Structures are given as C-alpha cells and as structure tokens.
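Consider the two complexes below, in which chain A is the common component and chain B and chain C are the respective partners.
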Partner chain A sequence: MASNSGGFNDAFARLHVSEKPTEGRQTTTTTISSPSSASFRDVTQLFRQTCQGLDVGQLVKDPNFTLFEAVGALEIMDPKMDSGLLKPGEDDTPSEIYQPVLPEEIIGIMDQLLSSEMSWHDGAALSQTVFTCLYIDNLLSLNPSSLEEAKFNLPPSEAHQPGSPTCQLLHLILRAYCVGLIKCCERVNLQILAEHTYEEEDFVTQTYNVSLLDFVTVSEINKLIVSAIEYVDSGAAPWPNNIKMALKARLAFRKLFLTELSRDVKEMVEKRSNWDGCITLLSTIGITRNLGTAVPSVFSIAVQRKLASTVPPRPIVQIPFEEAFTIVSRLCKDAKEILRVLTYSGATNLMTFFLRFTARKPQPSTFVRSLLQTLFFSNHMALGRMQIGHILLEDVKELCLPADDLFDPRNELSEMPSDTRFQIHQRMKWFVERAGNSYITLYRTICQNRSRLRRNLCHLIVDWDALQIECEEIDGELQQLIKEEPVLHNDNISYAFSLSSWVYHYKLRQMEWIIFLGFELEVYLPHEFAGMYWYLQYFLRTRLQHLERIRHFVHPGVASDSPLAATRSKECIASAQDVANAQATVNFTLLEAAALQELCSAMIFLYTALARLGLVKTPPQPYSTDSMRYELRMKPFLTIGCPDVVPFEDFKALVDNPEIETLEMLEMASENTKEGRKNFDLLSKMSATSSHAILCEEGYRLNLREYLRSCIGAGVAIVMLSKAIKMNTVADVEVEIDQGSYHPWFPVPRISSKKRPPLPAIPPMGR
Partner chain B sequence: MEADNITFKAFENEKTTPHLEALRSLISDGLSEPYSIYVYRYFLHQWGDLCYLALDGENLIGVVICKLEKHREHGANRGYIAMLVVKEEYRGRGLATKLVKMAIDAMIVRNADEVVLETEVTNTGAIKLYEHLGFLRSKRLHRYYLNGNSAFRLVLYLKSNAEALQAAGDHDHDHLDADGEMEITND
Partner chain C sequence: MDPSIPPDALLHSFITKTLRVTTNDTRMFVGELKCTDRDSNLILARTHEYRLPKFNPEDLGRKVDLTSRYLGLVVVMGVDIRRIEVEEIGGGAVMSGSSVEIGSDGGDMEQ
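Our next item is the complex of A and B:
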C-alpha cells in the first residue's frame, strides 16, 4: 500500500488536463483563514471529558472519513511524518548561510544546483531538490514580485564589500544564475501542467505556494544574466581565464536554456529553436567541471520545515553531477529531436516517430514527452499549423486508400441535404471528429510512461472497438452513396469498408502492444510466456489476414462507377503514385507483421518445450484455478468484439500442443526463427522512406537489430535444447530468462549446463 | 527460537488484542511508507477479523492487515492486503505465507471474489510469496511509492467472472470491463 497523497493511485487525481494553468493554482497547501468576527473556544476539556465515556477499543468515526483521509493524515511529532519536528538538540533558528568568497565555490554551487534541478526533472519534489538550496530559499523567501526584489538577503560580511569581486560573485553572478534557474523551473512546470502527465508519478509540480518568479519576465532575467557575463568578461573580475570560462559557460547556458524552455510552438515551427547552443555550452560545463569546489553546507533539509505542505518529510535528492549532466544533455538532444515532427512527412512516418522515440531506453524525460504532446496538438492545431483531420485522413489513405469521392472538396460546398455530396460530407465530417479524438488520444497516450501506456491502452481498445462498429455503419452508408462496386474477395462478394478497416488495423496493433508491453514491464512470469506469445501470434495472424483484405481493395479504379464521376474534382483522384504508395505501405506492414508473427510462433514452441522439460516451472498456486488466471490475463480483451477471446480449454490445447513431440516442436520453432530472421533481414534492407521511418531512422534500425538479436538468441536456445534432448543431458541444463540483452518484447532463455557440484570438502582431520 | 512457541490469532479488536502499539512499530520498521494512526484504526476497526498476528510467546513478530469491500457500487467483492510484515529474524520460515493464507481463507469464507495488493517491484521475496499462492501480476504502477519505487499490482481471482456476477445478481459488466483504472485505489 502506498501512503499519503503522493502514493494515491487515483488516475483522476493525478491527471492534469488544464489548458492554461493559472496563477495561484490549487495545491495541497492548507491555509487556516478565519473571518475577523470569529471567536474561538478552547474545547480541550470538553474533548477530554467526552473521551472518558469511551471504552478501550471503541472508535468514533465519521462515515465520510475514508481511507483517503486516513492515509493523507499526518501525525505531529512522528519523525516519519512531521516535517517540522526538531530532534533533541536540534534548534530552529536558521543558521547563517555560508557566504562563499572563491569563484571555485560559485562554480561548485552552480553544479550542485544543476544536480538538484535534474533530480527534480527525474521525479523528485522541489522540496527535496532545488528548494533545499539555502540561496534559492533566501531569494524566494521574501516572495519577490519583481526582479529587483529577487535578491539575496544576507547579513553584511567583511569579505563582501559592495562592488568588490567577491560581492559580485555572490550578488550578481550567483544571483543571476539562481534567478535564471528558478524561472527555468517555472517554465518547465507550466509545460508539464499544460499536458497529460501523472502528478507525483512522472513529475511533481507542487511548489508549496512559493511563486517561481511568475511575475518576472524572461527578457528581464536574460538581461541580468548578460550583465553577469559582462562582469566576468571585464577587467574588474580578477580571475584566471579558465575560471572565467567556467562561470561564463554556466551563465550562458542558463540564459539559453531558459530561452529554449520559453519558446512557443509558433517559434518552433519557424525554426527559431537553438538547442544546439545549449548542447555546445554543456560540453564546456563538462570540461570545466573539475574547477568547481562543492559547498554542501548551502543545501539543507531544514528548508522543508517552512514549506506549506501536507506530505511527510522527504529526504534530499541530489543525483551526482555526472548523472545530472547526462540527463540535461539528453533533455536538450531530445528536445531538439522532437522538432523533427514539425517537418510533416506523412501520418505513418509521424506515428513511427512517436512509437520509436517514446520506447527509447531510458525513456525521454517527462518534460520532453510533454512538449512532444504540445507539438503534436495544441490550440486546436496539429504540428503548429495543420488540421488534425488532415493528418487523420492521410493516415487512412496511406493504408487503405478509400474511394476518391469521399475526399472531393466539392462535397463540402454542397448545401442541399438531399445531395449525395452533402451526405458524404456529413459522414466524413463525423468521422474526422469522432476518429480524430481517438487518434489524438492515441498519440498522447504513447507519450505517457510505459506502465501508463499499457494501462491506458486497455481503455483505448474499448473505444477503438466501438469506433470500429460505428465506422462499419458509416462505411455501409458511404458505399451506397458512391454506389461502390463489390469485389470478389476470398469467394465472397465484399466491399472495401475503408474507414472501419483502418480503425480495425489500429485496434489490433494496440491489442498487440498491450501484450508486448506486458513482456517489457515484466508483468508476465516465464511459465506464462508461451500462452501470451500464442495470443500475440493470434492477433498478428488476424492482422495479417486483415491486411491481405485491405490490399485487395487498394487498387486504382475503386471509385470508377460512382454517380459523382462526372462532376468529380481532379484533385481528389488518387494518382498512380498514391495507389503505389498505399500498396507499398500495406506490403511493408504485412512484412513487418509476418516477421513478428514468426518470432512469436518460435517463442510459443520454445517456451512450451521448456515447460515440458521442467526447465520453466509453474509455481504451486494453491489458490484460484488456471482458468480463472486465464480470465484475469484476458481481462483487457474480454469486451472486445473481434477478435474473440478463445475459450480456456481450446487455448490450453493450442498452446500445449500435446500431440507434437518436443523435438519436433523445437524443429518447428527453429523454422519460425529462420523465417522471422529472413523477414527482419528484408526489413533491414528497405530504405527509411519505404519503412516510414524517415523521422527516426536510427531508432527504427536499432529496434530492428534488437528483433534480430532475439531471433538469433532464440535460435541458439533451440539448438542447445535439441542437443540436450538428443544427448539425454536435459538434467544438466540450466535456464535463465534474459530480459536485458534482447528486444524488450522478446526475452530469450539463456541455456547453459549446470556447473558440476564441487567435490565435497575433505573433512578436517580428527573428525 | 523454538518453532512451537509461535502462535497465530486474529486481531479482532483492541480490547481482546492489546497489541496496537507493537503492531505499529513492527510495521513502521518493516515498511518504507509512513502511516498515521488513522490508517491502522481504519483497517483494524472495520476488518479486525481479517487481520492476523503471529506471536512468539507474547511478542508480536508478524502481521497481515486487510480489508474486504465492494469495489465500486456493483463491482466485485474485493479483498485487499494492505500490509504484511514479519520481523526480520523470523523470516524464511513461512510465517508470512501462513499469515496471508489465513487472511485469504477468511476472505473466502466471507465470499470474496478476488484479492488484490501492491508490492514494490524490487521486493522479490514478497512477489514470490504471492505468486506461489496463485497471484498474477496484473499491471505495473510507475513510481507508486513515495520513495520513487514502482509497484506491481498482484491479483488473485477467487471466482470466475460468471460466478461473481451471478452471485451479485446483476448484469452489470463493471467487473468485466477492461478498465482497471477508475478504481479509486486509495491504497
């Protein structure tokens, strides 16, 4: 059980959907305010008296006092809960802040602050990170409402005579850096609050009612930083060049970083971003890292006592500089990389980018994933300048190429409800709106952390299932409106059903992802692998059949006999290139699905064989039954109309394959790995354009290599296992499931021979 | 340590079992999350019969704390294992398994449809314990705990959906639906 507000797992409580976070937003802060007319009465005596009437063990409880309240309550004087508690010997008077005199110390503090800031980015609270810095605390504690007020309030010091370099170090250079850093935190918080993220889980936006210089503009702060840089550059600053360089790089980075964090989508579309500038300055910070001297005494947990908070005290988190440096460098690189989506190059390419980018290990930071959501869709615009409907329809066209008449711009001009064009337009408008919402949600969901992605996909497929049914109806109506000619497919007269076909394809992919992510997140136990790969293989086989069907309907001339043929606009007619593109997309998607299906099939046989040989064991499981556990596993899919969940008995027989000999089974697995490998090899040879990976070729190829590695790893395991059976040495074999060195969706069993038990030690003499 | 000194009993109420303070400090030492007295009272006063203690003589050495209630209005009768702790020096003797079994058995008697809990993904001992009783991991919860660790939700079905729905006497598919999310797991 998780405790306190932090641990609540309430999806609603954590989900931020606020478009524009306003100042003074709600926090968990409790302020006790009372009207001036209120009069207070001491009820202690009354309370004590009433308690006398209670028996030991008797409890008075308000029915509205739920577990939520119980868990959220803090106990005063409990060191685990009371952040204001003073341990014996501790005292509450704020100790004087050490005032550094050396530039090395300033460099050290700046780097410690970067560590704190990145610890915050990495999921810790401000109260554990940035706010524990006594200088940040000092600067913010008087609640500055202008830049002039945002300064340190320190007792006079001999060493810091006004105007002296030591004074400038503190009151100009460190101050400018701190002010810049605080503003960076504010920008990051605003970004994260603007999109879907999970509070406490991905990120803690809580500021404890401390204003992060909300009222000071970025340009004012940048000016302050510039004047600090100019001072360092001037003759008045008596420090060696390398020290000057270190200070300047840190100040300049802060200025540039703040500028980048403050950009809106419009500026990004106009290609005004300069993350490269940040990356260059970071390398200087890395090189000059050793010039700094850490000053640990300017960070203190005692700051938490002052923060208005209903969460228990939490320890200081300050990751090592190297780690912080990696995080900030990656953040800048990733933030630059996601700008690629603004160069729109088709819907399939866009989806590939989202999938590959967010699957990266370690996952890109919450900030970057939030920014990616904003780039994708904000202010009713996709990618800063497009209608979402445009991308949606392109996605449909790239795969299914529906009849030209559905996209004729003349449809929209018709105002007569009885007109065919008008009726087509109404339906397409409905589709763009209805499917558009699901489509946006899918992109946003892909940007969530991996655990949430899997959980949320379980909801999404229910929506896509409903969408599929709704679209089937619309497809039926459209096919009558355009007098679509049926086509013979698999001995059946059939229609294209383009919109619902497209929806079905996406639904199947999401169903596959749910199970694949189950492997990635280690939700399944090895003895369940065979069954779960069976389901994947089942979904993939269904998708392959569906793609074959789609392919059948992607050809020129689909729209030839429409009653609208005579008045059709030229621009809506699919070109030979459009047809070829859709065919290529279907073929590529078929190949990819086939490759995955082969590898899944290999895994079914391999893990079934391992279970038969007793090398993968099922735990005892005295409670529940296998069929109920199956039901639990299938829970996300039980309500999905098509494909059906297979009855448990059938499922068991299909996975166990009792009629196939183990060696034969391994033989079949080996064939599957070979086929899979062939397909993955073919995929590797395809260009980024044909693979729809032009926005993320590197990540796409890396992923393919990982699939191949799993294929090869499975092949090796199959050979070793077959050999052990033939040589009758299965008893000497040891199996370890390797989740780490292969594709996260295809963990591979590592098969080795048991080390022979060491010879018994010679007993000591005389016993 | 003599094994025969170890006894098990249900908590029932504070009158019959004056162990509340011992119980608090045992759990406080054993688990990372801090809980207020209200949390203990919340569970013990409503489901004291689903809380089991392991005692060595008079000393409290292990405890399991649970609840059992309808999950949403027409949902499953859901058992929840909130806390499980065994004193370090008594671990590895199957006491935790015994405590959990007692709790599950009591839940079965009280017609539970399912039992759920969360555990830290790094707590391999606990995960193994539950998986050896028949639990499955149903989902991973990212950074679920205050210390930043992720959790697995572990689930044990005690009845199939059809049975559970029949027993509930309604055709609400709430229990069936793919949604595992909306549940306000204030736990």
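Our next item is the complex of A and C:
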C-alpha cells in the first residue's frame, strides 16, 4: 500500500501526541483517544477504496448513533463552523503581540478591555470578548496556578528594559489590571452559576476550560494592584499628572470592583458594601476617557482557534466605550440598590421591590438579577438572616390576617398528638413548607428575563392552583380546630379560608401578569388587544370580588371564641395596628386593582371600536382562525380550576358587544378612563408606606405615572375617534399603535388624520 | 483488499474505533468513528484537534507536545482528508485476515 508520504507525514511521525496535554489551556480530563501504548496504522487507501464500494447514499454507522445527533456536529473546514480553520495564506504562528510603549496606549487597552468585559456581561461569550485580547490570552495560556505565574510571556524588547517605566507599564500596570479583570470575570461567573439563569439566553458562562485564576486569592490580586498604583504615584513614573490620574482611577476601580464582586451575603448584611466608591471612580474614568489611545491590534479572533469549543466560531463583540460605561455604571448602581432588600420592611414591600426593580427598562443585568436571588434566599436563609417561613406568614398576615391562634408560639411546644395546639402546628408547618417553596420560586422567577418570566408563570400558576386546593382543605381543618365563627357574607354563611384566600389572590395576580407581559413583550397582534384586555378585566374583576371577600374577614376579634382563648399567649394576638394594617393593605390593593380594571375596560371598548371602524385590521390568517388563536392564548389557563376559561363563542360576544353602538361604546370607554384616572390619581397621593413601596418609591411612582399617561393617551384617542365618527371623517383617520411612550402594559393607539401627500413643486419627470 | 468481504462489513469494523484523520490543512483530528459513506465523509465523536507547530521538532532536540483542544462531535468531508489512520490497541489488526501493510511511519511514538 502506497502511503502518501512526504515531509508532512514525517513531521507528524516525529511528533508525540500528548496523552494528557500539559501545556496551555487543556485542563480537560477527557479521555484523549491515544493512550501511549497505542499506535496508529495508516488505512487511507484501504478506507477510501472500500468506501467507494458503497452505494450512493449508503451509510455505515454505529447503530447507537442517530443522524439527528449529527446535526450538532461541527463541520471541519467549513469557515462558518470550524474555528480552527486558517484562511488561505493565513499563518498559524501567532504574530508577535504589539508591545505598547506609551501610557496612553495602556489606558486605551484598559478601556477596550472594559468594553469587552461589559459585552460579556451583556450576553456575548468570553470567546468573543475578554478572551480575544491577546494580553489576556498571553497571561492565561500558560495556565498559571499562582499569581507569580500569571504574567506576560513576551519576547524581549528594546523599549522595555527591565525596570524601565515602559516595562512597568506593561509588566506591572497592565498585568495588574488584566489579572484583576480576569478575577472579576471569575467572581461574576461563580455568582451567575450559583443561581438560576438561562445559559446562552441571558449570559454565557462557558470558559472553554480556561481557568480564570481560580487559585489566586482576591487579596493577593488586590496587593498587586496596590503596588501598581504605588508605582504610578511614585517619582519613578515619568508621566504627566492627568495620565497618572487616569491610570490610577482604572486600577483603583478594578480593585474596588473586584472587592465588591467578592462579597458574600453576610458582609452585605453587615453593610460593608461600597458600591459608591466604584461609582465615584467610574466618573474619573469617564472624564479621562479621551486620554487613551485605542490599540485594536491587541484583540484578535484567532484566539478562538485555541479554545476548546464544541460550537462554531463567533465574531468579536466589543461594544463602544460609551455603552460599556453605561452598563458598568448601571451595574454598580443596581447592585447598590438591591441591598435595600436587606432592610426588611414587610413582605408586601419586598414583593413590590422585586416587581418594580425587574420591570425596569432596560432590565437590570443578569449579574445583578442573580445577586438579587442570592440576597433573597441562599444557604436556607432569606435576606441573609431570616427564615423564609417568617416572610411568608407575614405576607399572609399583611393581606388576610388569619386567626391569631394559628400563630401562637405555644402551638409549637405541644407534643401531644391529640392536642389542638399540636394539630394546628402540624398544619401550619405543612403550609410553611409547601407554600414556602412556591413562594421562593415566585421571587426567583421574577428575577428571570421578561420572556422567561412570562413562560415560567404559565407553569407556576398550575402549582399555585394545586396549592390553593390543598390549602382549602387545611383551612377547613383549621377552622374546626379553632372553632371559627362563621360570618355572613353576601347572604351566605362563610368562613375566612385565610390561607387559601391568600394563595388565590397571588394566583390571580400571576394570571394577570401573564397577559400583561404578553402586551409588554409584544406577543399579541393589535386585533387581539380587545380580547386580551377583556380577559384582564375578567381576572381583575374576579380579584376585586375576592378582595372584597377578604376585607369582610379582616376585622378585629377574629376567633375570639376559640377554645384556645384562655391559654393564648399575648404576643400572638393581633394588635389594633395589625388589623388596621391588613385593612389598609386590602383597601390599597382594591384601589389598585380597580384602577387597572377601569383602564382595561376602556381599552376593550377602544380597540373594539377601532376594529369596527376597520382601523385595526385582522391580518390574513391562512392557516389559523380566531378560535384556534384563542385556544392558543388560553392554553396556560385551561387547567386552572378557578376562574374558568370562557368558551370562545361567549368570549366573542362579550368582547364585540354587537348590541352597543360604536359612539355609545366610546362614551363608556371615556367614562372608564376618567374613573381609572381618578383611581390612579388617588394612588399617586398615597404615601410610599401605604403603597408598600418604601424600598422602591421612585420606580413605583414612575410606574404610576406611566399608567396615568396611558389613561390620558387612551382618553385622547377616544375623543379623536368620536369626533371623526361624528364628522364622518373616519376614512381620513390613521391609527398607529404606540408601544414606546406609554406604560408597556397599555399600548395606546395614536389617531391622526391622514396627511394628504403634498403636490410636488417640480414633477419628478425626466429622471 | 480481500474482495470477498463486502465493503460495509469491512467498514463496520472501523466503526467506534479511534481514527486519526489528517486534513489537507495539516491538522489532525483524533476521534471515534461514528459514521461514514461512499465519499469517505467521516463523523467523529469526542474529537480532539491537534495542530502542527511551525517549527521543526528536531531543532529543539526534545519531545514536543502537540497542542490540542477538545471539539466534540465533528464531520470531516472526504475531500478534505489527506490521511486516515486507525488506532491499534496492543498491536492487533482491525481486520484480521485482511492484508494491510503497516506504513513505515506507523510507529509515531519513537521520539
């Protein structure tokens, strides 16, 4: 058999295929397929000839291997798939890294690195960002296991004589900055991996088996950075003061940023965080930004050739400095802001904070949302020092104020299974465990990206629905144990059902969020708006009735005739203040729900009117029908016991209201916007305390203002439309739905008269 | 090649064996053969890429480790392949009975 010999083959023959790569970044322990005892036999000719004996299309394959798996294979030699492919004429030898001599260049590289780092925070992979920097690559490619080893391995250069300022620029200042940055990436990666986030969706945690200085401690790195700062400060550094200031600010920021990223929850609870320091240094970095000179040549996509990656190559991502600066500034501010949750001030306040903080546009970074999850619950502790059951029960009490006896600490002391107290305690313990899990999941889910939040809520409501049924049973048992007095409500004798009432209320809110998020994420088409607002209005009305019921049972003297009254411990008795608080919470929640319901009703009428006038058109649906689309939209709610999904025919009639005249409909819409506005005005006048927004007053008020804006915008649209109908100029009206300038949950149609195209002064002839 | 052995049976003996495939751009891919066809297109699982350094290893006078990286599942087109080698464990031939001449450069662990 003729082997295709040549210098090339001989070269390979002399090379030793390493069994366990010792050099570079291959720290994988994957079985390298060539144990040292094995040898390879050339079968090129045999293989090729035998293959040609196969029929066209015939495959010889491992029976356990499916072609479906093959879809995920990387195609070697395909430039789009093969990150190791060399372009024609491209050389494989790493070109010499440019060694900067000017401090301005160092500042430039530092700022480029910050851009890369923030591009990573913003969702690109390390292989597209930080790792494309040749200095980072150079530092990590020898797989340093200690700080001493983490240094640049550069060929000697005339301009960089050891000890010279140029040498220090590179081998002390830039090195310290790079080491700090790599460690920052490691801390961020650890944080994000510790919590639930969606890989590749929000963030890429893949490090391609490159160790991000895992074994080097933060304090060692801080020391290195400090020595770099000291050098810049010293007389040995012959640079002007503004350059020194720029270098120092960047190094100091890196040190402080790393310190903040390395804090654990305990330190944060002890209020040792200093994000303000980072923010101050960032402003200096912003001011001295123009001193830097960019050095684009120290970033190269060729680094991807060396990374262990099972995915195709991806282009370099490096956002402009201004954008990176905005991201890092926001990250520091947000990270500071979430520390507010550690000042626990009631469960409802906590929930408001989570809702408002994560609804912010643009959404807080993945890192911050992950940190928020850790602050909320980690190591079996909520907010770093509390039991989750405590927050859960406070949430229940703040809204429903269940009977005092359920919370008596004496219950826990009873060990007699026949004792009422023991039995109450067993049931409450069950509730804390069962509902506690759902409760934690809800908070964590709110920290996900908006699309995931909507999707996951669709799953959560199924759990909350089951929880509601289970709690109803427990409520029934508890009401017998404490001999609860029934109360007359709506001509029915009824019991409080406090726990299941609380669960039902949360479930309804989540169902509303699913549809509201559908608007925010632009899931629905304009012709569906009326129907989806009808559903919101339906959920809100159900919740209002439910809140009325809760209000009925929140009053002083609950369970005063309990058999346990005589032995009740004092601390569990709800004070007048507790009762007043719960009543205030219910009233506030009623007002908020009523305001939303009015606005939703206005939107139903407005969008129905627009559809009737042909101003919102149903696009052609060649493969779909309205009822199929309805079924799809209702899918998350089909399994929910209460409230029911309305059959399509009824739904259509309820939304379209064919018996109401269009003008009359608009008048009703106008009434709704006025009512809604009144309610939102009332809400705006309430204090942060009574709105349960003391942790996020600013965000809460902004949200209210956006609701109001949508209310006013809808009001204007209604007036314009009524006028057009009355003046018979509907044909000249143009409608554009504005998603941007109003509340994301209430896009408003902007109504204008069609601009007649002006006659061109010079006819476009002869061109 | 023994004409009495049907081609698919012979090729089946290579399936799940470790192959070392050299492409026209001088890289080597070592992975487990999962699938092949008439054009010798290969699907290799758990593949590592080995890149030939530019310098001559003899100049260094010492053993040189090839830099490798893990790629996982890959497809190598037959037209891009310069050489196919099969790993032999304990010197046993893949197809006993088939007369395959072992290339003089088969022993590559000498250095």
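In this section, the second predicted complex is superposed on the first by the 687 of 767 C-alpha atoms of A that agree within 3 Å, B and C clash if a C-alpha of one lies under 4 Å from a C-alpha of the other, contacts with A are read in each partner's own complex, and residues count from 1 in each chain.
Rule of thumb we're sticking to: contacts are C-beta pairs under 8 Å (C-beta built on N, C-alpha and C of every residue); 3 or more make two chains touch, one makes a residue touch a chain.
On a predicted model such as this, the values are computed, not experimentally measured, just so you know.
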Chain B versus chain C as contact partner of A:639, first or second or both or neither: first
Partner chain in contact with A:308 - chain B first, chain C second, else both or neither: second
First (chain B), second (chain C), both or neither touched by A:493: neither
Partner chain in contact with A:70 - chain B first, chain C second, else both or neither: both
First (chain B), second (chain C), both or neither touched by A:56: both
Partner chain in contact with A:416 - chain B first, chain C second, else both or neither: neither
First, second, both or neither for A:85, with chain B first and chain C second: second
Chain B versus chain C as contact partner of A:622, first or second or both or neither: first
Touching both chain B and chain C, residues of chain A: 1, 3-4, 8-11, 55-57, 59, 61, 65, 67, 69-70, 73-75
Residues on chain B engaged by chain A in the complex (per definition of touch): 13-15, 28, 33-39, 41-42, 45, 82-83, 104, 117-118, 121, 128, 131-146, 148, 150-152, 155-161, 173, 176-182, 184-187
Chain A residues touching chain C - in the complex, by the definition given at the top: 1, 3-5, 8-18, 21-26, 28, 30-44, 46-62, 65, 67, 69-70, 72-77, 84-86, 91-93, 209, 305-310
Touching residues on chain C, where the partner in the complex is chain A: 1, 6-8, 10-12, 14-16, 18, 20, 22-40, 43, 45-46, 48-52, 54, 56-58, 63-78, 80-91, 93-94, 98, 100-111
Interfacial residue positions of chain A with respect to chain B in the complex: 1-4, 6-11, 55-57, 59, 61, 65-71, 73-75, 78, 80-81, 123-124, 198, 200-202, 311-312, 314, 449-452, 454-456, 458-459, 461-462, 521-525, 528, 619-624, 627-629, 631-633, 635-640
